[in-house]
């Protein structure tokens, strides 16, 4: 051995201080590090850009221009022949937009004979006033013949103009608001009749082809029903399946197959679940199209693998010593799991469930296929009624051409993101609060 | 062998440190992990071409001290070192000293064999390659062979240099890691319980190797086993609760220690 | 009795059984539960399960089978001339009968009396009650509707009786089984175990459902369009059948869609892989705890944003920006301010999809890189390697198989992504290689073929399922292979 060492020692014996290229190597180190920072900043920069783009376009959606003027509920227009006592339908079909138009024309001093002027006045008010005034009259027919001060929805274009989204410097013919209307806007603003107010409509209204009257109310209810269905179905089923796979299942080919299968299901494109829902729930089982029940079932199937994977990880994280302790006291395996393991794994399970739900809440593609792309103006009362969902509503609005819908779409995205952030923060807090290191 | 000890003596005279050559000197070394203090003002000198064993019960700070000697604790977040450690008189925590250069001079072998998932050849060649120590393939081949020779592994692996290093047995893996450390021609080799994951036969081979390496290198070894310390080292340092209890010639340490705690530990009263 | 009511009664029975069973067990043991094999509650649960489980199963089976039986009986009772008509017409007639039957339940007895058998008046009366009929009912329909109602009513009463009887028998039987040495807990646990097995089989059923449903529908499609025309066709033109046209089926070539899918996916990977990978490296190897605790949640936020939002971002921000940028560039170079990048293009969709995938790549690779044992890093650093040398020469080579697996999973996600491409890629199925032009993908076409009001038998609709099964097959292969690699990789370091 010693001989060998001495024969090769020459190769290894080097002077103590060698040139090992420190400068060059540290330059490479700095470069490499810079790539990392650049990559990370790139991602975060685009996150900021995306959020900024949504918020800057969308914050105005939470304001709505209203025109507050005295409105005369003229018997002449609403119920000329005074038949409402015998024919209540009369009140439903009366020409309320004319009532509103006349009121505004009066404030602006447009003569009743000036047809062109009246048309321009009419364009300033949203068609949504039809429902607004009708509801007022139907709930209290006594107001017919009186004059009430009412806040009327301004038309979408006027709303956009007030919010400065329409460039008023371009030629009058190539924009949607005429000079005359701009003058009226100024006049109304000066008198305090025209003002921006907090837009409650976007939270409560259903679908509408008029951007100023459109809201996500129906979509919120649809999404709520679906989340309820997903939670009620996927949490128990997912936990039960995980307990079996993690604690009871023998290690064999079949359970291996289930394992691969679940991991794969978690990665199947969501649109495939839509096809499944269409073929099985709608075509085969005959459940109604556009119903939140079907949407909920599809999203449940989609969420299950996520919940199962999270739950299994949480169960696996409970140390075997806990099981051994309970089993050693004479508890049955089932008792051990339900009394000790499951409660300890619960925070992890709930965190996984919330994240799964948040994912389901933002999912769009499968819902398009089961007909949730529907124009639904009325609130659904049960999960079997036609409904839509928040992300689908965003999709539908994104496809609308009108300028005012861009603002609405961004507003709806902000609402969606708010819910998602709340859920994610909840999950993070849950994890922080109950996280246990064994 | 003779030549080496002469050189050592020469160097020692150079340094004018009594009649002993000190390779590394630790002065008032304290280590903190966050708020927790792990080492208390340790003064320990490591002699040239000597095997120094660090012993003591678990958690006494012996591994911590070892890791301060080539600044491996830099990788631990919140770790702070005070005091002074010198290598040939230079403070290794000085701003002028580069950690990469330091580690090329003070190599380290770890508790668990950790060969890279590459071939045996590539494992050895890795260090020389990053430091640019070889010009051309012939030189690299020579370094690889010499390192494996010194680690006493050459005969066992010379026919399968291009097979995976992870395919070797535990003992062979550990000697491969030692060879890998030798390949960059360090001056000091730090070993952190190098035999704790090995069986007795493999342990014997590694101990034999350590014994031979002393001729060319200064070695500091942390060990759990007092028999091992007695077998391989000339000097022994005993740590307890973050304090250096005693440092002495190994023979004296195991027969007639100065400190009661050392006696207790060696007698197996705690640990 | 209505089904919810029956379920409510069963629930009450279950609670009663639990209480009675528990008490009885305690009574038998003389009040000392230690004499019993199981805790008293298990005896109660056993009795409750014996009472409820069989009856619920009977109820479910009855609810499925009885309508089928009744409907076929009613169809049998149709006059001969009706039976001679086509199945579709019979179906219509039956639909009318069932609406009639529903309507007759709404009407009060004297109203039925007053109307007699007059079909026109009946229709009007039903209309007023909110049950619209497609046409005036024929007399035999009224008769059949009556039969239907009677049979449904009888079936319902028999079902109620049988179900409740089964509950009582089960309760009585199990009550008599209670004895101190009776192993109630083992029985109850067997039932729980069975339910756990059922729950885990749902995962299998989902896959079976996906494959079976898509295969059936796709087979229908392939009966009208030969598979080779679909798989190797280079033209996508599913024109909607004009009446009398000879080649009304249109052309369903998969190739242009597949090409678009892969192209957009490729662009997305070009964006996502370098930046995701480097982010992961930075986060796992360099970032201090402070940076990590900020950057990691931010990337998670990026991952949690629904794809529809990315689609909208592409549609309203990135697309127009690229278009305007290209026209400015063009103007600077040639003086002609024509845009050479379309607002909807491969680049727009691919780029935004890449942004979406960054956190996905980064979190997958982060996991993989962290799984590389720290001892390897120590080994390399201990030899005097710099951190980047350690990463490039030790950590990344060691992590390579896992990273490849992660990238395959990312690719599978890019291929299956829908909302971004629906909004930003365009709908034109073209075969070309200019990234500035729009192309379309498999997922876009699945959506566009299925969102109109289409009959469910035309190849235009069914092609979506053929596209779906293709998509499923591609992603399945990618995922299974990726999972296999990653699993192997993890086992290596465990």
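In order of appearance the chains are A, B and C, and numbering begins at 1 in each one.
In this section, contacts are C-beta pairs under 8 Å (C-beta built on N, C-alpha and C of every residue); 3 or more make two chains touch, one makes a residue touch a chain.
Everything numeric here is computed off the predicted structure, so don't read it as measured data.
> If you connect every pair of chains that touch, what shape comes out? Choose line, ring, star, complete or other.
complete
> Where centres are the averaged C-alpha coordinates, which chain has the largest centre distance to chain A?
Farthest from chain A by mean C-alpha position: B.
> Find the geometric centre of each of chain A and chain B from their Cα atoms only, then give the gap between the two centres in Å, rounded to an integer.
One centre to the other, that is 60 Å.
> Centre to centre, by mean C-alpha position, how many angstrom separate chain A and chain C?
Distance between chain centres, rounded to whole Å: 19 Å.
> For chain C, write out the residues touching at least two other chains, lowest number first.
If we look for residues of chain C contacting two or more partner chains, we find 384, 386, 389.
> Return the residues of chain B touching two or more other chains; collapse runs of consecutive numbers into ranges.
Chain B, residues with two or more chain partners: 100-101, 104-105, 130-131.
> Among the residues of chain A, which are close enough to touch at least two other chains?
Correct list: 20, 25-26.
> What residues of chain B sit close enough to touch chain C in their complex?
70, 72, 75, 77, 100-105, 107-110, 112, 114-118, 126-127, 130-131, 177, 180-181, 184
> Under the touch definition given earlier, write down the residues of chain A that touch chain C in their complex.
Against chain C, chain A makes touches at 20, 25-26, 28-29, 31-33, 35-40, 42-44, 46-47, 49-50, 53-54, 57, 236-238, 240-245, 248-249, 257-258, 260-265, 267-273, 275-276, 278-280, 283-284, 301, 304-305, 308, 332-334, 355, 358-359, 361-365, 368-369, 373, 391, 394-395, 398, 406, 409-410, 413, 416-417, 420-421, 424, 428.
> State the interface residues of chain B toward chain A in the complex, per the touch definition above.
1, 88, 98, 100-101, 104-105, 130-133, 139, 142-143, 145-147, 149-150, 152, 154, 182-183, 185, 187, 212, 215-216
> Any idea which chain C residues touch chain A in the complex?
Checking each residue of chain C against chain A gives 185-186, 189, 192-193, 195-200, 202-204, 206-207, 209-210, 213-214, 216-217, 274-279, 281-283, 285-286, 295, 297-302, 304-313, 315-317, 355, 358-359, 362, 384, 386-389, 391-392, 409, 412-413, 415-419, 422-423, 443, 446-447, 450-451, 456, 464-465, 468, 471-472, 475-476, 479-480, 483.
> Please name which positions on chain C make contact with chain B in the complex.
Residue list for chain C touching chain B: 288-289, 373, 375-386, 389, 393-394, 397-398.
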